[in-house]
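Look for chain A in each of the two complexes below; its partner is chain B in the first and chain C in the second.
Here is the complex of A and B:
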């Protein structure tokens, strides 16, 4: 079993309390950072670590930090994106519920590195019980001199606030999140200007995912190089994976990036395979927005090499035969699942969550949902399948934020790999209502 | 994006309890001077906690408290799906129906609750105790099928667990 940098102590009784967390080495990164390091030195360590944004985009965190504008006399902010809503993703919830002080510690160290004196955690409204846990932990951090004025005698001041959303997936997009944090509808903003220049209330702002901020703690404690030593290529460090769907042991796992997909699905330390002796049909490895992979492309790439849990290996083959690590929302489908039904389900999700600002997304997601409903309910035609591909092309790349792409990609991938199953729903609509298509055949070797 | 709209009828602002007002002032105080509007989602949650839903009169009061136009409250309340803009039952059961939950039986869970309460999704029981809604992903994908009620998550639900949960909610509503 790999070492855990983030959730090692998650199941220690009472770890959500300041004293217990402190006894297990908590807040060491704050002491080290504020007493012995300059803000720029911390940014350097994060760059050296190779840490990539854990919310889904995988953009290098150190680079994102270095883009932050620092005009004289203008306040800067760090905002933590705890609006975890990508279907299949529930790792941040686990981290915050079990280890609220780890997130707070990461927020303090990161805010110091960025020169932010007012930082915010924006958490999805449905996680209200976790907001209460965080509020309590923040109060403890204030009481122990880790927040507020002159932290640990360093002269550095920081105020930290946690505030809820109201049930809108789009607010996980960073500019929509900022709009929401300003008390408005979550309509994403045009970029540029990027939040690093004009973010919260027009001030330079960095928005980072919960797990990214938590990862700053071991990076500062052990150094960026030690963190970068874990993993493969540009996938460094550990990653929290949320495993769901048809698995013997779904849940949150911290893995070393580079673990094989085979080991993750079937290994004793991880998900232990698929229940009831069923076969693997498909897998969505990085949250509902990333392309679905048919069973023959899950544990092996098209080239026949082992598929690994890394940004590069999961994307091997591009969209033709690969997918993405995304948020690490790993959803597994057994042989009894219907791909048309699932594609319709996800399309409905995106139609529901589109903010309505850009026509291609607002109208296109609704169309896709309706066409997929027809196909799933035995009323579709073969033209409907090409119509879906047409709508897809008209959404992708034509919207302000990536929700349009996120809605288009899963539909495109499902048709690409499971066209036979879609056509079967048209050709045998009665039968499709009564039984499952089963496994799709791998294309014959050329 | 939600499609509900506040009624185009003027309703006088309603008063909130002393407890709600204390909490509203606390959350407003979390933000810098002049940025009080940032507290609007917290405030709407507090209002819903008190009344069970968010009426136009309540929104008009929120606008007064924040010193903003009523439309600024309406446009926010109608955008975020957690806010009920119509009266609901004492217990709103919000069942997750998105992909990962569907893979492990959310369709059956919804059908079972419909049968058990003799209502369809979107309806409220005659005794006003339960409203059944479906929602999109609640971030509990590894623990499905699941539902949320009063910010509490009920996970890995089976028929037995649903029965127990409903009985407990009925008992709690009587006391």
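Here is the complex of A and C:
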């Protein structure tokens, strides 16, 4: 099993306390950064590491940092996006719950690199108990001189604030998050201007995922090149994967990017396969927003090569036969699961979480949910399937923020790969209410 | 000045101008429709997505096309940008989709709606909508709330353009209404039922593109196309006093601000000529107004059909 960079000490008793964390090598990156490195050197290390945003989009973190506008006399901010609400994703929760000081350490080092003097952790409202854990950890960091004025005698001042949101999925979108942080309704902003130019309170702001910020700690400790040595090509380092669904051993795993999907699902070190001797039917590899993959495309790509846990390999074949690594919410379905019901469930989530600001998403997500409800409950028609495809096309790309795309992709992919199951729901509505369709039979057309 | 091409027409505009405003400077039918953008209210726009256009070339420096359609109301032009609106099938197709979305939950109660005849959604529906709906579900309804004795809020018709929220933010000191809830259930409301009372609240009616906010003093009195609009002015210490009075015979049925062809309140003497509630709701006596003359209106508008057009024979919309 690969070495863990982030959650190695997660199960050490009392690791949430400052002293225990410090004993296990904690805050070494802060000392190294503040005492021996300039902010630009840290940005350079992060660039070298090839770290890509762990929130879902996979945008290179170092590049994002270098886009930050640095006008004289204007404050800059680092905001940590801890509004983890993608269905199937629970890695940040685990990380913050077990290792609150790792996030704080990453926040200090990253804030120093960006020249931020006031940084924020925006945490979703449902994580109230983690808010308490973080508040306690921040107080400990202040008491030990890791936060506040003149940290470690370096002359660098930093205040760190943790703020809960109200529990809206949309506030995980960075501009909606900033609106919410400013105390307004969490509606995404129009871009441009991007947060790197005009973000929180109109100041240049970087918004990073919890895992991205935590990954800065090993990058600073061991150097960007050592981090980049792990993984394959442009997918470097380790990634936390939240595995759920029909697995013998679901949970949060830290993997080296480049691990094969087959090894991850069936390997003894990882999920150990599907329980009760069932067969794999489908897999959503990156959280509910990414396209679903049918069983014949999970472990192999359409080209016949092994599918790996990397940004590139999972996206191999585009949306026709591929998917995305996304936020690493790995959901596995066995042969007893109904794809129509699952698609309806996802659509219901997006209809519920749409902010209602722009019309395609507000009306389209609700419409899709209602049509899918009909299909699942035996009242659908064949036209409904093509209607869904059309609604999809009209939402995708026409909305202010990516929520519209996130709502459209899973439905489009489910119809693309499991059309016969949808049609079966229309043609045999009575039967569809009493049993499941089982495995998709159609082989992949080359 | 920046040169930009919209639908094969070359336009020169000041830097920082949005595509929509550049198109409006050129005028004609290359102007994208806008349901939520309101040039007199900074910060509006981007929400309804009816003004989506295709950018075939980003700029002279970077001539790559933009992958997604962009909201023309909130995208600034660049030197050498090539924009396609009417000439792009993709734009027309997607705009049709947006109009369909706006209509799926709209009650389509035009026959009893006071806005009919001057409704932007109606115009948009004629231009881009289809004759049949594909929406089989029950349309969304909201519980009615009372927002005072002058303004009627009909939330079922609302398209959530946020313009009335911007009016309250920018014209008055205290906003008491806003958008509650989210997604399909988002609604304009005052949270705890509360009257929206301030001297300029009536302007919410003028900026509303649909019949969600209507004038209670004019409610069900007449169809707008039976009335004759006159430019009028009065001495008012609160507002410009420059308005349009809508008359039937010698009676004033309603008073509105002067609106241009995009449905926006006109700028008169460098100021947006908003009118106060006193002028709008309480001055229905013709002797209080100085009538300047008949208001010029677009001959093809529904309103012109009643009084000004000779016959409808030449109107392609009615023939088609």
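Everything that follows uses one rule, which is that the second predicted complex is superposed on the first by the 442 of 446 C-alpha atoms of A that agree within 3 Å, B and C clash if a C-alpha of one lies under 4 Å from a C-alpha of the other, contacts with A are read in each partner's own complex, and residues count from 1 in each chain.
One rule holds in what follows: contacts are C-beta pairs under 8 Å (C-beta built on N, C-alpha and C of every residue); 3 or more make two chains touch, one makes a residue touch a chain.
If you're wondering where the values come from, they're calculated on a predicted model, not measured in any experiment.
**Student:** Kindly classify A:370 by the partners it touches after superposition: chain B alone (first), chain C alone (second), both, or neither?
**Tutor:** Only chain C is touched by A:370; chain B is not.
**Student:** In the overlaid three-chain picture, which partner chain does A:127 touch, first (chain B) or second (chain C), both, or neither?
**Tutor:** First partner only.
**Student:** Go through the superposed model and pick first if A:352 touches only chain B, second if only chain C, both, or neither.
**Tutor:** In the superposition, A:352 contacts both chain B and chain C.
**Student:** Of the two partner chains, chain B (first) and chain C (second), which one does A:398 touch, if any: first, second, both, or neither?
**Tutor:** It touches chain C, and chain B stays clear.
**Student:** Counting only touches as set out at the top, which of chain B and chain C does A:190 meet: first, second, both, neither?
**Tutor:** A:190: touches chain C, not chain B.
**Student:** Just chain B (first), just chain C (second), both, or neither: which does A:360 touch?
**Tutor:** Only chain C; A:360 stays clear of chain B.
**Student:** Counting only touches as set out at the top, which of chain B and chain C does A:164 meet: first, second, both, neither?
**Tutor:** First partner only.
**Student:** Is it chain B or chain C that touches the larger share of residues in chain A?
**Tutor:** Ranking chain B and chain C by residues of chain A touched puts B first.
**Student:** With both complexes superposed on chain A, which partner does A:387 reach: first (chain B), second (chain C), both or neither?
**Tutor:** second
**Student:** Which chain A residues are contacted by chain C in one complex and by chain B in the other?
**Tutor:** 168, 185, 352-356, 362
**Student:** Across the complex, what residues on chain A touch chain C?
**Tutor:** Those residues of chain A that touch chain C are 168, 170, 185, 190, 351-360, 362-367, 370, 374, 387, 390, 393-394, 397-400.
**Student:** Within their complex, state which residues of chain B touch chain A.
**Tutor:** Residues 1, 27, 30-32, 35, 37-42, 44-45, 66, 72, 75-76, 79-83, 97-100, 102-104, 135-144, 148, 151-153.
**Student:** Going by the contact rule at the top, pick out the chain A residues touching chain B in the complex.
**Tutor:** So the residues of chain A touching chain B come out as 84-90, 93, 118, 124-129, 161, 163-169, 180-186, 201, 242-246, 250-252, 284, 288, 329, 331, 333, 337, 341-342, 345-346, 349, 352-356, 362.
**Student:** Mind listing the chain C positions that touch chain A in their complex?
**Tutor:** 45-50, 52, 67-69, 71, 74, 94, 97-98, 100-102, 104-105, 134-137, 140, 159-160, 162, 178-179, 181-186
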